[in-house]
Each structure stands twice: as structure tokens, then as C-alpha cells.
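You will see subunit A twice below: alongside subunit B first, and alongside subunit C after that.
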Partner chain A sequence: MKNKRCLSLTGLILIMFFTFTPSVNAEGKIHKLGMSLAITGPTSDAGNPYSKGVEDYFRFVNETRVLGDDKIECMIRDDQYKTDVTKRNFEEYLDKGIVMYLNYSTGSTLGLKRDFEEEQIAVLPASYHAGNLDDSNYIFLPVASYSEQLVALSEYVVKNHKGGKAKVAMFIHPSAFGRGPVEDAQKAIKAGLNMEIVEVVEHGKNLDNSAMLKRLSNKGVQYVLCHTVQSPVSTMLKDSTRLGMTAKSYGEKGKLTFLGVHYTGGNDLIALAGDASEGFFWTCSFNLTSEPGKGTDKQLALAKRYGRDNKAANSHNYAAGIMVAQVVTEAIKRTKAKGFEVNKKNLYKEMNAMNGNYAYQPYTTIGPVTYSDTDRAGVDMLQIYSVQDGTFKKVGTPIQSEYMKKIE
Partner chain B sequence: MSYFFQIVVSGVVVGSIYALAALGLVLIYKSSRVANFAHGQIIAAGAFITYFLTITIGIPIFFSFLASMIITFFLAMSVERIFLRRLIGEPIISVIMVTIGLGSIIDGLIYLTPFGTENYSFPAFLPTTPLTLGGVSISWTQLVGVIITFILIGGFSWFFKKSTVGISMRAVSDDQFGAMSVGISVPKVFGLAWATAGLSAAAAGCIIGNITGLNFDTLHAFGIVVFPVLILGGLDSILGAVVAGIIMGLIQQLASGYLDGNWGLSGTGEVMPYIILLIILLFKPHGLFGIHEIERV
Partner chain C sequence: MSTNPWLATGNYFTSYKQEQATFHTHLDRSVFTLFLFLLFAWPVFFPMGNKYMLVIDNILIAIVAVMGLNLVTGFAGLISIGHAAFVGIGAYTVASFCRIMGDSHIFVTHFWPVLIIMAGLMGALFGGIVGLPALRLKHLYLAIATLSFQMIFQWVINFMSFFNQGQTIFVGRVTWFTGTVGRKDHYLFWYYVILIFVVLLGFGIRNLLKTKYGRSLVAVRDNDRAADAMGIHPGLTKVYAFALAGFFAGVAGALHAYLYRGVGFESFTLHESISYLAMAIVGGLGTLNGSFWGPVAIKLLDLNVEQLAELAGRYLPSSMNLATALRPFTFGLVIVLFLMFEPRGIANWWRIVKSYTKLWPFRY
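Up next is the complex of A and B:
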């Protein structure tokens, strides 16, 4: 009797074990990925929601069996924006057998470029610096480069400017990240873009930009094109509003119209600058939740599913994180569908084949992701948004730079 | 001409805020001869505490501002009590290294909260229309910032010159053992110096945060940005911090207004204060108001 009870108890335990243990099918494989980014430290206001987007999408992929029995294991580590830590993280990921790598900053992407070449591993960074692609075969920019964005924004200025040559000033981050695109804007001018760059301002930690704004205004500047992060732009916008120098409508004569590239805008700018951000123009390749659609509904549903707060859920950086995770997942899915082994080499091939009929349309972006041997910028389309009544609203239809093709 | 006056007004405003931000460094140096490298983190903490009390708890911003100064007063005092008191009498470099470590710890603690990674701004509580006179404009935020700066600086100047505790603090700064021999409690003086530095840092954090928005990286960078003010002022002089702050602010704005963008120059507003600092230090190595100590052996 005792033996019988013992046996049935063992049987019950075994049944419960097999029922409730998360089952990884014997057939299923685990595809390892690594990501190193600034979850804390400088620029973590962007890095933090970005990491949440990546994490949530891969959880979703695993839970909803997007890859069938296969699972994605993405190791995410904070590097606090320090290139040496990024390098250490990357090397440890390699030891663990990653098949693709997600990076973050411009500095570390440039710094590790040679390592990516040696390891022959496809890399998706959060930096859209065009210089990442120089002498590189394995870096894939998720969206149009900062250069392309700045040139497209310059084209927008010229196209919508009334009377004569558009006089602009560039307000940039004092680093390679800030300076790089200015050179391309200058090349576009040489190639015929009817615009004059009156001054390039590399900002510091300014508490008051009155002198700079007045100086620009005295020189006849009408447009300020920003390529930096939100905080200095916010201070400048507040000063301009205080001095009564902000244009009430696009291109208003005698006033300044402010425009910016990817990392200058988003909800963080509105949070920092408040009402002074009204009328700020911004280029971005992502759908924003302030312009609801099917894509943003999915983004919000994903954030809700994993208990993210409103701030993260509505961040374009959260969308950017989801987007890179979507691209990696798609590459794995296509590799599997072709019956190939999911490894560094085959994923790289699959990334390069993502074009034409095989272009990929994630729900987070305003255009398709296309890569090839010669095209390493994923989404080429850019949407111009402007702040209206405290939120970013679409201005016209998506655009693409014409001059970038001429100067490349 | 209004262009010139606007630049001068902006320079004075920026300089005053620099002076307030540097005040905490002066207070600690004045009593303990230590340069506090965690000052920027305390500035940021003060700003975030005010925001938390205003937005999350719902206290009116004026009272949140006062409460955050009181909280950072005790917070800084506790920091001194826990980490630095044991180092009394130890080489100054050890204490400075501890302040660097302390900065990292506070960084880490703030990064554990949403304030470490997200951007916020204080609710508008002052009129948004700026004050304009003869083409020169100043925002209410800036004006209130300058007034608070001068009230605090005036208060601390009086405190150090007239009050018994203030004079004790100066005595400890001059000679710790001498001060102890006349019955002054050196540990208490150190604690008070840190506490008052915390209080002034919170005020600086709120004013800077109101201008730039609340971003941790931006706020804590001001702990380092104002070091030239401290050095130019002579390290332990409150009046020196005010004068040096205003000089730095004026040079920054004048260089930005008249040099940048001309003759191929750019970013002089950032560099010129340091160049002037070096030139002044060549002639006055102890800063504008620093004490030149002569030691007889």
C-alpha cells in the first residue's frame, strides 16, 4: 500500500514537472544575441527606453513563438556610455557565441569597427553616424544617417523658404557625432542646394544663449538646424522664446525657425522645453504615438503587455529598440525559412538580401527597411514632425534626401 | 547698444548662478580645505528632490524648494558623518579621493531612480512673459535665480563674519589643532560646512534645473563647470566666488557675442573664461580673493 502511494506520488510529481517546466522543445534552438548600451550614464534618457524596446520585443517573440520552437536569448548589459566597457561586453558576448550584435553609441561603434570586421558579425547600432559605414562591411544603420537627415532637413528648409537664399546656422554637439553631418550639408550646398550656412555653433553647457541668438539674428539667420541632444536645444528654445525671437510660423521673416535631427526631438524635448518647443521641426524615421496608427497601437500594446510606464511606451527610443529587435528577428526567421543554419555568416547574408521584394516593413517605422551590399541604411524615408499644442504632429508626407545621392 | 546690454545682463545672470553653484564648494573648502568632487551630484539631488516633492507629493513648489534645501542640508550632513568624519586629520588627498568615490555612489543611487535616465521640467510657477527694458530682456526664472543667489550669498557672508559658529568654522579652516585647543568641535564644524554646502547646492540645482530642464547629466556637470569660478575667486572666499562667477559669466557671454562667428572663431565663449583664468592666475596665483599664507619655519 505504502509502495503504491509512493509510486502514484512520484508519478504526480513527474506529470507536474513536465507540465509546468518551461519547455524548450528538443528541436528548438536558442539563438544568442548581445547588446551593450547606456542604460545608465550619459544619454541614458535615450538608451533606457531603447533597451526596454529590445527586451520587450524579444520576450514577445519567445512567448508567442514567432520563431516556432526556437528562442532568442538577448543578453543586455549597461556600458554607461563607456567604450572600454562596451568592448569588454562585446568580447564576453563573443565567448558566449552570439550570432548578431546590437550596439549603441557613435564612439563605441567607431571604436569597435575593426573588431566587427575581424569577427565578421552583423551589427545594428543605435548611432546613425554616417562615418560608422566608412571602411566597414558589417555595420547596418537602422535608419537614414544623421548626415542624410540633416541634408534632408536642409532641403526642406530650401524648398519651403520664401525669397532669396536661405540663411541657416548649425547648432551642433561638440563632438564627432555633431560635426560629421555638417560636412555633408556643406557638400550639398556645393552640389547646388540654395542655402548659406552662416555659422556653425558648437554648444557648451550654456545657461543663457542670448548672445548667440542675437548674434545669429544680426547676421540674418532665419533657420537654426540642430544636431545634438535635447537638453541644449531646450535651453536655446527657452531663451529664444524669452527674447521674442522664435518664429510663430515656419520661416517668419526676422525670426528664427528651429529644426532638428533625430536625437534633438521627441517627447523629452517637450518635457524639457515646455511651451518653448512649439513650432520646433524634427526629422524622424519612426512612427510616433502622438500620430496614432496600427503600428503605434502595436507598440503601445507591447509596452502594456510588459508593464511599461507611459513615458517609455510613448518614447520614439522605445520604438527604435523594438525596430532593431524586429529586424534581427526577421533576419533569423528568413534564414530559418531557407533551411540554413542561423549563424553569423548566414544572418549577414540575409541582412544584405533585405531589399526589393524582400524589403522588410516593421510596424515601428515610416518606411521599409532595405539593406544590400551597397546600402547600409535601413529606413531611407524621413517624416518631418513639428510640435503643435504640446505634441509632435506630422508635417506632410515622408521625404527622402535628393542631394545625399549626389554627394555620396 | 541694446545688444551690448543684453549680453552684459545675461553675463551677470549666468555669473550669479555660477557663483551660487560654486558657493557649496567654497563653504567646504573654507572649513576643511577639501575640494568636493561630489558637489555636482548634490546639485542634481537637490533639483530632483524639489521636483519629487512638487509633482509626486503635490507640495507647492515654493515649499518644495525650501524642503529640498532642508533635506539636502541633513543629507550632506549625514554624508559627512558617515563617510568623512573618520578622515579628520588624514591627508587631504585621501578626503578628496573619498569625495570622488562618493560622487560615483550618488551617481549610482540616482541612476536607480527614474531621475537618472529621464528628462523632466518644473511646472511653470513664474510669469512666462519676460521683463523687458530698453530692448534688454530677462526671464522671471533668471531674475528670481539672481535674487535667491544674492540672498544666500549675503546670508552666508554675514554668517561667516558675524556669527560665532561662522567664526568657529573659519578658525577650523585656519588651524584645526589650534581651533580644537580653544574648544571648537572640529567634527561639528565639518558637519555644518557640508550641511550648508548641501543647502546651497539644492538652491543652485533648482535654479539651474528651472533654466535647463531636469536632466541628470546636465545638472551634475555644473559641479565641475564651476571649478574655475572657485579657483579664480581664491578657493575660500565667498565674495571671491561672486566676483569670479560674474567675471566668468561676462567673459563667456561677451566672447560668445563678439568673438564667435567672426574671424573664423568658434566656441570662444567656452574657452575664453579659462584663458582669462590662466592669465589672472599668472599674476595672482592665489586667485582674486585668496589668502596668501606665509609660513615661518
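Up next is the complex of A and C:
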């Protein structure tokens, strides 16, 4: 009887032990990350594949033991493109003990900048707004800023323009996101770039741009540089085609040649604008699946592994999501290799050390990722693509802005 | 008075003063005091993470804003669909001081209660100005006038460089007797500050409604010609209703600015105005406690639907973007259902519960 009671007690203790002892990964550690982005609401067409890229790559890292026994737990929350919600998500992640944070929009990155500084946490946003870096030590842009992209496009226009001064118009988003780079383009002109900005158009929700296009044409504009999202650009391209104003070849006189920065292009633009997108020039720092290579093969294999549809698999936003996940994984890997604890402080140090011989080359980008105390833009190289026969094709070799260094 | 001052049963009023009392029985007073004590004490016993404290702080700020909206729309019967703009006026008053003096200036960090009141007064000033069309306009036309104010506000903020073109203008950390309120205590500190404002303003409205100024709001709502005949100035009453609502909204805006330590344009859009209106409708227009129920219900609903939409966004085809539609759909559905089946809002359920307890221990 006594033995039976003793056995029952031992059993009870064992049950209690296994029930209330938190489950731990006995062999490795779990590194917590947080990401807040627009899975629904405005810009979710970009946010959705972006989140899938991040999610898939971290699943791949955990399944293929890229970090050995350690695992990455990346919490992904929808913020509907709202700063208030992003802040709430960020606070939740901090409560849960994240070591690095992935953000999305320009507004929320600017809005939470002080929180990042106070928490001393490295942040990789999906916004490449140069203003993110003002008074900030912890924000790392994955690729060259919008400003650098717009100035690089302006330089491309000037280099390839025949005749006198190139006359351009800027077609921008009516927000700080859209306006910021225009100032830098104007600075580049002051620094000697042979170009004239005839008009800066802040688009609204126009469904017809005929009057605007006619006005620009009458003012002698030959190039329209866009810095906004795909939808207004597609409306403008369709209107221009309908009016017979689109240049058939680059810089055709009396016609308009359209060029755009990161978020204006991609497969979504082709889907929206159709044939009107032919001849559209676009800067991007990511490899595109329409120009197959080793990197894009890996991207497609990853998408296939996790059952993603063709739209997501071929999206440059999916590639951008993979890229930030790759950079974080690499920073964790390097921190571990040096025998340091993976925490906010050491990851920040490792991010800053990612340069020179230690620059990191992800398979998703056209150039290496470099960061330092003074360099906060990851991939500095830019590839110009243009739509040819319904797909984006490379135009020349990757470029880097010359004037950006002069005006910074 | 009844022989038992704890129960309402058998309690007959013999004077207007008795009827106007804030608490009719000792039980009412005790329950309210206990409730108030619990509101102040619970964070000490059940500390919560920053995320949930932020949610609670947000609900309290919405309560302040909706109390104002309820005054103008619920009690005075003047539809305002630009309430978020008034909240924005308060927030941008704080932001303007930060722009001019610097966000760490002593006035911003040490004299923040003064700045919050100033923001309220600025809201009242703009409320009074926007209320001027109410002298000539009614119903839908007045609603359009308030909508135009919302549009003008959005345009000004979005394009003026002084307001950073709508991007965040930072607000410094405030100082209390214990020193600068740091990150760790930030949300708890503001919980108490906002709660004090909610209690004070709540009592303010409760007492206002007992006065002739409060009753004139209701009189103008019910029939402004009849009110005029009784010696109430309908025009002045309408303008003052807007000013009062503007004051509440301004205070809410300033609290929002300090809570988020920054002011950005997107928190004061037309969508937010509609949300405030929905909170007032769901809570119960023309009732004080409706101003409390509405924000709690809508904010919690929003939080839950947000999680549902996020989950749906992962599994529904991205090309259709159905998950994005889930939130506005639920939001709209709740308003329509309340308008159809419970136009008096949650406040009516509270009234039913209260009237039942009033009769206790009798069944009828």
C-alpha cells in the first residue's frame, strides 16, 4: 500500500514537471525577430509577397539547419500601413525579447526612429527613404536610397540624351516618401548635372492624365521620372499610349520616355499597364526572374518548396523579403561564429562590420551588401531594367550614382 | 428619502435637487468609488506588457474624443464628420510648440499639463469657428460643412512644410516629480494621466447636463424653434456645442501626441472621423456612458478583426486581396446592425441592467 502511494506520488510529480516546465530547444537557442508590414490595406500588393519571402527564407534556415541547432522565430504582424499599429506591434515584439526588427513603410520607420534609438536595436525597413537615416544610428537600408536611385536615373538620362539639356518632369507620390528624392535631384543639378526639371507633378487619384501629359509635352519635356507606386504610373502610361505620346525608342524627340524608381516597377506594373508598359525604364537592386541566373533559380526553388504561386515567386518584392531575411541570418551566423551571444548589441556590431572582405553577397541582389558606421545603404549598385516584349530586361551593367557622393 | 439609503426601491424624489444628484443611493456611490479605485489600482497588481497598455491608453483617449463628439452630435443633434480633424488640431498644437521651441524644450517636457489644456482651447477655438455654419445650416448640409473642414485640415497638414508634410513631428519625453518618464514607465504613466482626464471630463459632462447650458443642448436638438421660444439662443448653443466638442477633441489630440511621442498626419484622417462617429453610435448617442462603451467595443472589435484579417491574408489568394476588405466590412456591418436592431447603442443594455438592479429584491 505504501509503495503504491509512493509510486502515485512520483507519477504525479513527473506529470507536474512535464506539464509546467516550459518547452525548450534543449540543443540550440531560439533567436526572436519581429516584423511589421502591410499584409492588408494600402501597398499590401508589395507587402504580401515581401512577408512571404521573409517567412519562407526563415523556414528554410530552420529546416536546413543553416544556424546549426539554433532556430529563428520571426513573428510577422500586419500593420495595415498604419504607424499606430506598427508601434503596437513593435512594443509587442520588445515585450517578447526580439534581437532585431524588420519594418516596412516610410511613415512608420520615421515615426518609430526614436524608439529604435532608445532600444538600440538594428532595424531593416522595406522603405529606402534617405530621410530614415537622418539622426539615426540603428536603421539599415537594404539597398540604395530612393534619392540615390532617382539621381542615378537622372544621370542615366543625361548620359544617354542627345542634344542640349535634358528636360524632365518628376511624377511623384504626394507625400514625404515621394517628395524627398526630388530635393536631391535638384541638388545634383546644382552640382552640375546637365538637366532641367521643368515640372514636379504630385499625382492625386486621377483616372485620366491627358491634360497633364499634353502640358508636359508642350513644355518640351522629354523624360518623365517617376517616384511613386505602380498604380498611378500605369494609369499615366496607358494615357500616354492612347494619346500616341510614348517614345518608341529611348529619348525619341517630341515623345515622352518614362523611367521610375524601385516601387514604380516590377511585374505588377506590367500586369496593370499591359502593352503600355513597353519601353518603361526602371531601377532595381534585385535580380529578376525574367533574367534567369543562379540567384533567381534559388529564389524560384524556395518559392516552390513552400508552395507559393507564380505571382509571388516571380515578384521582386518576394526577392526583397528573402534578401532582408538573408542579411539577418548572416549577421546571426557571424555573431555565433565569433563566439558571441546573439543579442541586440552584438548583432548591431556585426551589421556595421559587414564591409570590405566581410561584405555579404545574397543571391537575391545584383551587388554585395555593405554596411559600416558611415554607410547605411546595403546594396549600392543599381540595375536598370526596361520592359521589352512584356518582361523586364537588363539594360547595360549595374551602375552607381556619381552625383550622390558629391551632394551628400 | 427612503428609509434605506442603500436601495433605490421605494426611493421617491421630493425635490429637483434630489433628482439631479450624481448618485441616488449609497450603493451607487460605493460601487462607483470601488470601480474607480480598481481602475487606478489594477496596474499595480496585474502589470501588463507595453502592447496592451498602449491599447488601453488608446481606448481611453478615444473615450475623451467621443465624449466631445457625443456632446455635439448626441446631445446637441449636430452631425460632425470632421471630429478627427479637431483631435488633430490638439495634436498639432503640441507639435507646433515642438517645431518652434524644440521637442525637448522645458515647456513641452515640464509644463505638459498646461500644453494639454492649451491644445484643448485651440480645439475649442477651431470648433467654434467650424460651428459658425451651424447658424445657417442643418442636417446633411452641416455634415458636409464639417467634412470640408476635415478635408482642409488634411490638405494643410499634408502640404505645409511647417507640419513636416504630415510626417512625424517628434514630442520629447515628459518630466514628472520622479524625473523624466522613461520607456519602461511611459505607457503606465500616461495611463494614469489619461484616466485622470477621463474622470474629470466625465464628471464635467455629468454636471454640465444638470445645468441650463446642458439642458439647452438637448432642447435645441429636440426642437430649436421651441427652444428659441423658451429663451434659449439656438445659434449660440450650436456654436458653443461645437466649441465644447473641439475642447474635448483637442485634449484627446494632445494626449495622443504625448502618448505616441510624435504627431503624424495619418492618425487624423477622415477614416478616423468615421470611426469616432461609429463609436458614438455603437456606444449610444446622447448618453454619457455610451461614450465609454463605444470606444471599448469598437477598439476591441478592431483589434480582433485585425488579427482575423491578418490570418486570412496569409491564406486567401493575394490577387483578390479579400483580407483587406474584411475590416471595413465588419466595421460597416456592426454599425448597420446597431442602427437596425439597437439604435440606442450599448448604453441601452446598460440601462436595462441598471433598471433591473434598481428593482432588486423585487422582480417588477
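Following the convention adopted for this analysis, the second predicted complex is superposed on the first by the 383 of 408 C-alpha atoms of A that agree within 3 Å, B and C clash if a C-alpha of one lies under 4 Å from a C-alpha of the other, contacts with A are read in each partner's own complex, and residues count from 1 in each chain.
By our rule, a contact is a pair of C-beta atoms (placed from the backbone, for glycine too) under 8 Å apart; a residue touches a chain by one contact, two chains touch by 3 or more.
A quick note: this is a predicted structure, and the numbers were derived from the prediction, not measured.
**Student:** With the two structures overlaid on subunit A, would subunit B and subunit C clash, or do they fit side by side?
**Tutor:** Superposition result for subunit B and subunit C: clash.
**Student:** Does the superposition put A:S175 against subunit B (first), subunit C (second), both, or neither?
**Tutor:** Second partner only, subunit C.
**Student:** Touching A:V201, do we find subunit B (first), subunit C (second), both, or neither?
**Tutor:** first
**Student:** Once the shared chain is lined up, is A:N160 touching subunit B (first), subunit C (second), both, or neither of them?
**Tutor:** After superposing on A, A:N160 lies clear of both subunit B and subunit C.
**Student:** Touching A:M212, do we find subunit B (first), subunit C (second), both, or neither?
**Tutor:** A:M212 sits against subunit B, while subunit C stays out of touch.
**Student:** Is A:I39 touching the first partner subunit B, the second partner subunit C, both, or neither of them?
**Tutor:** A:I39 sits against subunit B and subunit C alike.
**Student:** Contact-wise, after the overlay, does A:K311 reach subunit B, subunit C, both or neither (first, second, both, neither)?
**Tutor:** Both partners, subunit B and subunit C.
**Student:** Figure out whether A:T391 sits in contact with subunit B (first) or subunit C (second), or with both, or with neither.
**Tutor:** After superposition on chain A, A:T391 lies in contact with neither partner.
**Student:** Which partner does A:R88 reach: the first (subunit B), the second (subunit C), both, or neither?
**Tutor:** The second partner, subunit C, only.
**Student:** If we overlay the two complexes on their shared chain A, which of subunit B and subunit C does A:S231 touch? Say first, second, both or neither.
**Tutor:** first
**Student:** Identify the overlap between the subunit B-contacting and the subunit C-contacting residues of subunit A.
**Tutor:** Residues 39-41, 44-45, 48, 174, 311 of subunit A touch both subunit B and subunit C.
**Student:** Looking at the complex, which residues from subunit C come into contact with subunit A?
**Tutor:** 49-51, 54-55, 58, 158, 164-168, 170, 183, 187, 260-262, 264, 266-267, 306, 309-310, 313-314, 317-319, 321, 323-324, 326-327
**Student:** Mind pulling up the subunit A residues that touch subunit C in the complex?
**Tutor:** 39-41, 44-45, 48-49, 77-78, 80, 82-85, 87-89, 91-92, 94-95, 107, 110-111, 113-115, 118-119, 131, 174-176, 179, 309, 311-312
**Student:** Considering the complex alone, what residue numbers of subunit A touch subunit B?
**Tutor:** Contact set of subunit A toward subunit B: 39-45, 47-48, 174, 198-202, 204-208, 210-212, 214-216, 218-219, 230-231, 234-235, 238, 242-244, 268, 271-275, 311.
**Student:** Which positions of subunit B touch subunit A when the two form their complex?
**Tutor:** By the definition above, subunit B touches subunit A via 3, 6-7, 9-10, 13-14, 17-18, 108, 111, 114, 116-121, 124, 128, 130, 137-139, 142, 208, 211-215, 217-218, 221-222, 225, 253-254, 256-257, 260-261, 266-267, 269-270.
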